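Naming follows writing order (A, B, C and D), and every chain is counted from residue 1.
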């Protein structure tokens, strides 16, 4: 089964086509929409599973829509980094399931909007899947737009005016960054005459003048850094992620931000292979920005009382880890950074889904108001505690090994300062998570009625608990994804000469 | 001889399972007690069943999944680890009995016992850790698992103490991680199964960085001054927790980490060459004296015990830093000696508090007339700390002094003597108050603590005497310590 | 302060851009990579390979078909996004009634300003011609400038003009409720449909048979694609306009 | 440098347009104006890409009667067609958002909105 060639276009088109059919199936009743989305995501997950199995057994492979050989046609390329679609499918599936009750509960939202919510969610997931599997620069841009547009709209979905403001801010920043990407795609086409990534890489290597290539590199890097919310271009993130409906926050923080990272990895793949430019400067910039992101994200998070705002800031910190790992560009750090893309997705989704369940049941969203909730919603709070421990990187949870690898990379690259920044920055992060755990379990409730609240409904609890247990399992079996990414990282860094 | 044996992993797994069962049992106290007691006994049995083999030099190992190339979740019960495991699992049984009595009627018992079992699980995991990464893993888990125990009462004081505890220990943990990363980067291994994995070729700068990170990190939990600040504040915890923290799990994890660093990461020879141990020796000696001095002026019993603990732990550090076989023996056996004596004292303090409500030293006048057995146990522990022959503490002091002579650091003897005097100065007044300073008219009216509290206290006290009298009897923990020393010094 | 900041930012943006574009291959030179690499093959063999006189159409539909499929998805996304943002509360009676956006919006649409009779007359007069032109642009896209998007935009514009003149009640009958979602998604649906047919014929998704015997099939597939894109684009524009106007 | 810029004056024009758009986004207070700034930036990028494909004296890449070489490159035109559609979509969503913001807050001036938050 895994060898059937058409899984690759299928995995991209299934969610997109599913989105097109969502309004159709909801003609009779809008309650069909979530089940339809769930079915579509299940099918996509099956395809994704086969693809991941195939890449694990035989390495990267391509699919040529229309049968045109690259660089004349578009190439879909599935490598180990593309395996992130497994997380996209998993979290997407769980987010749909979670939304079942959550969207109905949003009082501000007119009920007719809800089918469009599922359509947008499917489009967003499909866009992300397309983005990570494409091997063509312009195609990358097209999928980037699909996922960005749907993300802007999903942020605004809850219907409060702050949400629309946040969405507009996100849209403005996001559109500029997309334009930067498009501009540099244009420049790259101008100097190479090609759009296929692999072909571009070889042709850039044969150029006389490096200036346009450097310009394109800079713009691509900035564009994807905006998407990934690296300091100082993170300013759109906190509002957007905090105000979006919780399942969307999980998707945005866990996945959409990671798309920027995958974009950066693609850029590295091109430019390392091209070899015309010394990427040392870019690497240093990334490492520094990563370190600053870690500290600043943690610093701002400490002062937040709103639980979702706090989680949003912690995303900035964690993106800082990943970016630092990429920038250090040693074998260990790149492996650690890219696996943190997977792990952070799981962890942050756990946290946002659990936080959403708390808000759903109590209506409160600040830590002060939520005091004592650990007694009435024990399972949700256990999930959120596991997430908190994971994100700080305390063994044996999912966050630890990535941190270990990135720190190892810092010492390997002979930049021990960043190793320290990483390890002690994590402690900084812990300060605010311990506040959260204290509030849930060990402080007297401000609102006595909070002790009477029921545990989250099953459709919300099950995804949360599943993700939380994955945080633990990925911590203990953490070597498996690390070993899986290893060949890809080695291939990425091979042009550097080992 | 190395043998792959599932018992190595079974021991921590039993406690882990027990924690799960306790949480599942919920508020059903009979099941909870049943699980706690049977798991504690079962684990003691498992650990003890490895003892004979271990004494003959068998090393039990069990490897699991790999984390990073060459380093995985792996367990290895060598003599040093076995020693620590035997001590902690013996104490688990005793403390469990005590805790069941002590916590009766408390609000959050499920949480308490669940995390209690988790702590013990991680402690044994720590003892059997094959490499620094596994060690670190359990070390951090221990930090997290003890947090709910420290802030058990949920008062603002407790929360503050908990925050302080976490701040200290997590920063320490970060240093350990830094150290481990550098070690791995420099050598490509993190194994704790050799007498030293580093070599002088790495250069003094790297070695110093590793030494400071690892020893500094472990010293936080071992409460070496000036990193001891968390320990007296953590006294707000319930007494069985204090007993566990100060006698078994947390502080000993730190001390054990220092032993591992000195003996298995650096190795005695390398440390002797580069001379990093000398400042450590001074710091330890300073801690022994300064903490004793502070303890004299504490009126709260538990605070006085806390400072005594700080002082006592530095015996272990000092023993390790002296780098001679005798001193090493002292350091290792002191893990057990201090554990049993200090746990006795905490049990006594807790029993007095639960029975009479008294928490300060000056209120203890005449308590010996009311609780003679309890105070008798206290006296045994006090004598042990002072270093009377026949009691456990004597063995430590004896071997430590021998070690000092062996290495030519004669000033250590003076520290020993001064420390004994200080110990006498802060423990004997309590004994004196209890038995000889009764307010006029006090009569011998025995109203002892609950049997669960009393029995466990007496058992712990009995152990103090047993450890003190059977040092040369083969098959006792002491011979394990000697086996460990033989391995470390290549004898 | 702010001005200085803005000026600095603009200079910081402009300088690297200028340096970069100055080093680009000279503008208009036929020997640059843009013209010698993939473009050259498209121009030389595109007519036979891709089956369209208009090479741009050939590139859009055949060589880079997946891009265009993504592109129509972007429009569809914009529609979904617009609807998800715009549909507002008051117009929804509680319960589970059909949620048709435009219909609900119509109920309390603002009173229309009167349209000048001249405009009204001209629009009515031109409407059939505009429609005819749109269809021409769509079906002739592969031989002349034009194609699905352009034609779709013209159709959409016609719809908007008609709505202004005739009122939404009249024009809405052009998009019956049950057909509406099909029309909105028409573009991607035809793409997938044609893609699967192509897959069956060539073994590659979105493949077009290059064989001379299947020349007509290829033409037909392209026509269907263009029509789908045109219809879908027009439907999206129309729905968005109706929704925005309702606000 | 200057000569190179003069040779590529079409690209330079795009860059200028790009910066004008950026200036509007930063400096203008009105959300619609901000968005128009973005549209100008988009136009700048599109004109840049189109200019890439131009060939001196070239014909439109449409084969058939009357067509004569050299032809302009078809690829940039195809890319820009896609790009325009994307820009239109973004515009539609942005305007929808602005409509909603105006509905709820009664203003679309960025500073007034910031005060309301």
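As a working rule, a contact is a pair of C-beta atoms (placed from the backbone, for glycine too) under 8 Å apart; a residue touches a chain by one contact, two chains touch by 3 or more.
The structure displayed is predicted, hence computed values, not measured ones.
Under the contact definition stated at the top, no chain borders both chain A and chain B. Across the assembly, the chain pair joined by the most C-beta contact pairs is A-C.
Computed centre separation for the pair chain A/chain D is 28 angstrom, with centres defined by C-alpha atoms. Separating the centre of chain B from that of chain D, both taken as means of CA atoms, is a distance of 70 Å.
Here the spacing of chain B and chain C, counted between their Cα centres, is 73 Å. Residue positions of chain A touching 2 or more other chains: 138, 142, 145, 149, 152-153, 156, 164, 167, 189-190, 195.
In chain B, no residue touches two or more other chains. Across the assembly, chain D contributes residues 18, 22, 48, 52, 75-76, 82, 86, 89-90, 93, 97, 100 that each touch 2 or more other chains. Arrangement of the chains shown, judged by which pairs touch: an irregular graph that fits none of the line, ring, star or complete shapes. Of all residues in chain B, only 65-68, 72-73, 133, 136-137, 140-141, 143-144, 148, 151, 154, 158-159, 162-163, 166, 170-171, 174, 177-178, 181-182, 184-185 touch chain A in the complex they form. Residues of chain A that touch chain C in their complex: 6, 9, 13, 16-17, 19-21, 23-24, 26-27, 29-31, 63-68, 71-74, 76, 108, 110-113, 115-117, 119-120, 123, 126-127, 130, 136, 138-139, 142-143, 145-146, 149-150, 152-154, 156-157, 159, 164, 167, 187, 189-195, 203, 209, 211-212, 214-216, 218.
Residues of chain A touching chain D in their complex: 138, 142, 145, 149, 152-153, 156, 160-162, 164-165, 167-168, 171-172, 175-176, 178-179, 182-183, 185-186, 189-190, 195. Those residues of chain C that touch chain A in the complex are listed here as 16-17, 19-25, 32-39, 41-42, 62-67, 69-71, 73-74, 76-78, 80-85, 87-89, 91-92, 96, 98-101, 104, 177-178, 180-182, 184-185, 188-189, 192, 195, 198-199, 202-208.
The residues of chain C lying in touch with chain D in their complex are 6, 9-10, 13-14, 17-19, 21-24, 26-30, 34-35, 38-39, 42-43, 46-47, 53-56, 58-60, 64, 67-68, 70-72, 74-75, 77-79, 81-82, 85-86, 88, 143-145, 149, 240, 243-244, 247.
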